[in-house]
Amino acid sequence: MIELLRQSGSSFANDINNLILLITVLAGFWLIVAEVVLFWLVWKFRRKPGVKAQYITGERKEEMKWIHWPHNLILICDVVIIVFAIRVWYTVKQQLPPAGSTIRIIGQQWAWRFVMPGADNVLGTKDDIETVDELHVKVDSVYHFKLETIDVIHSFSVPQFRLKQDGLPGRIVTGWFKPTKVGRFDIQCAEICGIGHGIMMSKLFVDSPEDYDKWIASHTPAAVSSN
Amino acid sequence: MAGHVDSHDHDAHTDSDGHGPAFYIKIWAILLVLFLISVAGPEISHHKAVILVTAFGIAIVKAYMVAVNFMHIKHEKKYIAYIMFAMLGAVFLFYIAVSTDVQMTSGSNWENASAKAVIEQHKDFQEHIEHE
Amino acid sequence: MGTTTPIATTRSVTGMPTGRLAVWWVIGSEIVIFGGLLMCYLMFRLKYPYWAMYSVHTNTFAGALNTFVLLTSSLFIVLAHYYAERKEELKAFGLIWATIFGGLTFLVIKGIEWTTEITNGFTITSSMFWSFYYTAAGLHALHVIAGMCLMAWISMDVLQKKNMHRVELIGIYWHFVDIVWIFLFPLLYIAK
Amino acid sequence: MATNHAEHHDHHEMSFWEKYVFPLDHKIIGLQYLLTGIIMGFLGAYFSYVFRMQLAFPGIDVPLFGLVTSAQYNSLITNHGTIMIFWFAMPILVAGFGNYLIPLMIGADDMVFPKINRLSYQIFLLSVVVLLSSFFVHNGGFGGAWTAYPPLSAKAEYNLTPWGSILWLIAVVLEFVAFLLGGINFITTLMNSRAKGMKMMDIPMVCWMIVLASILFMASAGPLIAGAAMLLFDQTIGTGFFDPARGGDPILWQHLFWFFGHPEVYVVFLPAMGIVAEVITTFSRKKLFAYKVVLFTTFATGILSFFVWAHHQFIAGIDPRLANIFTVTTLLISIPIAEMLFVYIATLWGGAIELTTAMLFALGFLATFLIGGVTGVFLGASGADIYFHDTYFVLAHFHYTFVPIAVIAVFAGLYYWFPKMFGRFMDETLGKIHFWGTMVGFNGIFMPLFFTGAAGDHRRIFDFSNFPELAVSSLQNLRIAATVSVIITAVFQFVFLFNFIYSMFRGRKCTVNNPWKANTLEWFATCPPPHGNFPVMPEVYRGPYEFSVPGRELDYWPQNEKV
C-alpha cells in the first residue's frame, strides 16, 4: 500500500510495508466502526418532539458489555501489532546480518560525508574513498554503516530503504541495509540541524555490480591506484 | 461574606501526637548520631560497601526520620505519603529507563565513543584511585 | 474585598487544612525537580568513576557543618511550630528567627566554601562534576533563601498572633529543604 | 435574585484596576488566561500561515510577511509549536477553563489561594513577554524545533540564535512555574473546597480531568525544569551537560524532554475530554455512560502516560532493546483511550441529541480525534515508526490530536459556557458557519499531509524543491491543497472572532441562570456570576449527569436541588 506512494528498495522494506498494511487494516477497521457508530447514533437519536431521552447509567453488566467487548478485541489487536512490530524492529535495528562491506556515514552541518572501503573492502586503509553528498553502493550486497556526526544531531534517512537512524555527536550507531533496486535515490536529513536543514540532501546511487566496480576504479585515490 | 457556616478557624488544629520539645530534641540527637556515623564511616574505611551503607543508607534513614517525626507524615492522611512515593517513583522510573542510554558507554549496536574517550583520558587517575 | 479570605480556603473536605495540603503538593513537585537533577548526576557519576578526583576537592568539613546547621534549624522550626500551636507567640517568634539564623549560617558557610573553591580554580565550567555541584547546591541554596524570606514574613504575623498555622507550613517546607541536603551531602561530598 | 444583590453590599466597589488588571476573582483570572491564550493562538496560526505559504509556493513574497529565509522558517515552526502547546493549549484548557470552572462547578466561591492564582497569571504573562521579545533580538527567535535538542539548542555556533534560544528557554521555564502554581491551586481547591455533599463521584468530569492533568504536569515537568537549568547553563556560561566532547550526553535532554513531553499530551487531552463530557451529556440529555469507567480509564491513562515517552525517540539513538519495551506500553495506552472514546459514543445511545454549535463541536472532536488516535498506532509500533518517524505523517497525526483538543474542544467549551461567562449567547448561525468552515478546513489541511508524509516528506524542511524525489508536482499539489485549507480555516476563525466580540456586547441576552438546562453547579449562579459566585453556597445531593431520570417531569435534575 505504502509502495504506491514511495517505492521500496531494500531487503527489509517489505517487512515494514507489511507491518504498515497490518496496522492499516486493524486500526482502519476500528476507525470505521467507531465513526459509523458515532454518526449513526447522532442520526438515530436526534431530538424529536415529545421523545424523551433514556436513563442509562452504563453501570449494569448488560450495558457494560458494549464497552468491554470492544476493549478486549482491541487488546487482541494490540498484541498482534506488538508482536509484528517488534519482529520488524528486531530485523531492522537489532539483529545485523553479516556484512558484505562496512561504510562510515558522517553527518555535519549541512552535508553527509561517506567513507567507503574501496577496492580492498576494508575500512581505514589507504584506498578508502571519501565522498560528500554522494553514496555509491552495490545492489544486493549487505552494508553495515557506522553513523556519527561531528556537530549536532542529524538523521540519516532513505525513504526507499524504509531506513532512518539519528546520528549523534560522540556516538557511533551501527545499522545495516541491503539495497535491492538499482537506481538513484534521495538521502535526507530527517532531524532539524540548523538553518541549512532544508538543503541537506545527498544522492544515493545503487549500482549494478559492473557499474559499481567501474565507479570504484575511477574513484580510487590516485596515490593508491598508481602503486 | 456573612452567614456562612464553614469554620474559619485553622488554629483549632492541634498536633494530635502530643509530642513535646523533649521528643523533638531526642529525634534531633538521634539524627546527629546518624550524621556523625555517615561522616565517620567513609573516613575510616574506603571500602565501597561501607561508603554506600554509611553515606547513603543512613541518608535514607535520616530523611525518613525527618519526614516522619518533623514533617509529621505519620499523622498525615495516608495518601500524602503515597503521593510522595509516587513522585519518587516517577524519579526512579526516569533513572531506570534513561540510565540504559546515559550511564552506559555502549549497548546494542551503539557505542558512546566520546564518553569512552573521556574515560580513557582519565585512565591514569582511575588506576591511581583504585590502588589507594 | 481584597483581603477577605474566600470561603473556599476555609473548607476542609479532606480533613486536612488547605495550606498544609498545598504545601505537600509543592513538595511533591519539588521532589521531581530535585530528583530529576540528582538522577542525572547519579547516571554520570556512575558512568565516570574518575569524578572522584574532583570530589576530593570538595570540603567535607564545610558540608558536614552545613548538615549539622540545617538539622539543628529543622529542630528550631519544629519547636516553633510546637509553640505556635500553643499560642506562645514570643517563643515561636524567637525560634523562627533562630531558624532564619541557621539558614544564614548555612549560606555563609556555603559562601566561604564556594569562594575557596572558585579561587582554587574549581568553577562551574571546570568539569561536569563541578557543573553538577554548583547547579544542585545552587538550586538548593535558592530554596534556602526562599524559605528564609518566607519565614521572616511569617514571623511578623506570628508576633500579632495571626496566621499561626503558617509556622507549620513553612516548617514542612524547611524540613524538605533539609532532606534534600541530607541527600546532597553524601552525593557531593562523601562519595569520593 | 434579591439575595444576589444583597451580597454586593458587603463589598466596596472595585476599581477597573482591581477588578480586571490585578484581580483575585478566579473568573477574571480564568478569562485573562483564556483571552491571552486566544491571542497567542492567533499568533501561532499566523506563523503557520506564513510557513505553509512558503512550503506551497517556495520563495514567494508571502502577503503580510514577506520573503521567508530558512532561518526565519525554522524560527516560525519552532515558535508555532511552542506557542500552540505552551501558550495556547495549556493556558486555555488547563488554566483558563480550570480557573473559570473548578470553583463554580464544585460550589466554591473562589480558588483556595486567590493571590497565588493571580501570581500564576502574572508569571504567565511575563513568560509571554519574554517569548515575544525573543523574536526581536539579534538574529531573531529560536529555530531549533520545540523539542530543542542539544547540541543544536545549546550552542549559538550551531543554531545561530545566541539570544533567541536563551529567551525561548527562559520563557518556557517561566510558563512552567506559572502552571505549577496554578496546578497546586486547582488540586487543593478540588480536594478541599467542594460543596457540602459533593462526594468524589459527584464531581463533574471536567473538574476531575483538569485536576488530574495538573497532577500529571506536576509529576512530569520536574526533570525538565532541572534539565532546563542545565541547558541554560550550557547556553550561557558554557557548562557541558549536553556536550559529548566534555562527557555530557545529548540523549539525556531528549529523555528529560519527552519524560515531560508525552504526559504533556495527556495534560491537554484530559481537559478537552472533560469539556466534551459536559457538552455531550447536556445536549443529548443523557447520563454519562459509566462515570466510574471514565474515571478509571483516566487514571489508567495518566499512569500509563509515564511509561511511554521513549516512543518519540525510537530512532534517536536510544538502545534498540529499550524501544521494544516502549512499543508494548505505547500500544497498551491505546486501550484506556479507546475505552474512553467508546464510553462517550455510548453516551449518545438513547439520547435526544440537539445539534447546537457547542454539541457540533463536541461531536466533531470525537470524530476527528478518533483519526488522530488511530494513526498514532503506526507511530507507536516501533517497526512502522522507522519509516514514519519525523515525516509529515507524524505531523498530521499529532495535529489530528491537538487540533481537536486545543481548537475544536475549546470551541465546544466556549460556545457552551459563553452565556455563563458574559451573560449573552453567541450567535448560533454564525457558530454553525464557523463549525463547518473549521471542520472542512482542518481536514483539508491535514488529510493531504498524511499522504505527503507517507511519500517521504520529512519535517522542518524549508523548501522541498531541494529534494528531487519530493519536488514532484503530485506531492506539491497536496502541499498546495493543505496551504489553501489553512487559509480557508483561518478565514472562518475570523467569523468566530467577530461572533465572540460582537456577542460579548451585543449578543442575545441570557436572562436565566441555566439556559441549557444542565445539572452542574455553575448553572446555579447568575450569568455572569458575581465575585463570590453564589447567592447561597449550594449543597449537592446527586451526581452531575442526572438527565432524563424516569418519573421526573423535568428532564434534568440539578445537583443542588434537594427534590
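A, B, C and D label the chains in the order they appear, each numbered from 1.
Rule of thumb we're sticking to: a contact is a pair of C-beta atoms (placed from the backbone, for glycine too) under 8 Å apart; a residue touches a chain by one contact, two chains touch by 3 or more.
Quick caveat, the model's predicted, so the values are computed rather than measured.
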{"item": "Chain closest to the assembly centre - both centres taken as Cα means", "value": "D"}
{"item": "Subunit A-subunit C separation of Cα centroids, rounded to whole Å", "value": "49"}
{"item": "Gap in Å, rounded to a whole number, between the CA centres of subunit D and subunit C", "value": "34"}
{"item": "Approximate Å spacing (C-alpha centroids) for the pair subunit A, subunit D", "value": "30"}
{"item": "Per-residue overlap in subunit C, given as positions that touch at least 2 other chains", "value": "6-7, 11, 14, 16, 25, 28-29, 31-32, 35-36, 39-40, 43-44, 48"}
{"item": "Multi-partner residues of subunit D (at least 2 other chains)", "value": "109, 219-220, 222-223, 244-247, 249, 251-252, 317, 320-321, 532, 537"}
{"item": "Sites on subunit A at which at least two other chains make contact", "value": "93-94, 169-171, 173"}
{"item": "Interchain contacts, given as pairs of chains that touch", "value": "A-B, A-D, B-C, B-D, C-D"}
{"item": "Touching residues on subunit D, where the partner in the complex is subunit B", "value": "10, 109, 219-220, 222-223, 244-247, 249, 251-252, 255, 259, 306-307, 310, 317-322, 532, 537"}
{"item": "Touching residues on subunit B, where the partner in the complex is subunit D", "value": "1-2, 4, 86-87, 90-91, 93-94, 97-98, 100-102, 104, 107-110, 112, 114-115, 118"}
{"item": "In the complex, subunit C residues that touch subunit B", "value": "4-7, 10-11, 14-17, 19-20, 24-25, 27-29, 31-32, 35-36, 39-40, 42-44, 46-50, 52-53, 60, 64, 67-68, 71-72, 74-75, 78-79, 81-82, 85, 87, 164-165, 171-172, 175-176, 178-179, 182-183, 185-186, 190-192"}
{"item": "In the complex, subunit D residues that touch subunit A", "value": "69-71, 73-74, 143-145, 149, 151-152, 158-160, 244-245, 249-251, 284-293, 315-317, 320-321, 323-324, 327-328, 331-332, 334-335, 338-339, 341-343, 345-355, 363, 366-367, 370-371, 374-375, 377-378, 381-384, 386-387, 389-391, 451, 454-456, 458-463, 466-470, 547-550, 555"}
{"item": "Touching residues (chain side subunit C, partner subunit D) in the complex", "value": "1-2, 6-9, 11-14, 16, 18, 21-22, 25-26, 28-37, 39-40, 43-44, 48, 124-125, 127-128, 131, 135, 139"}
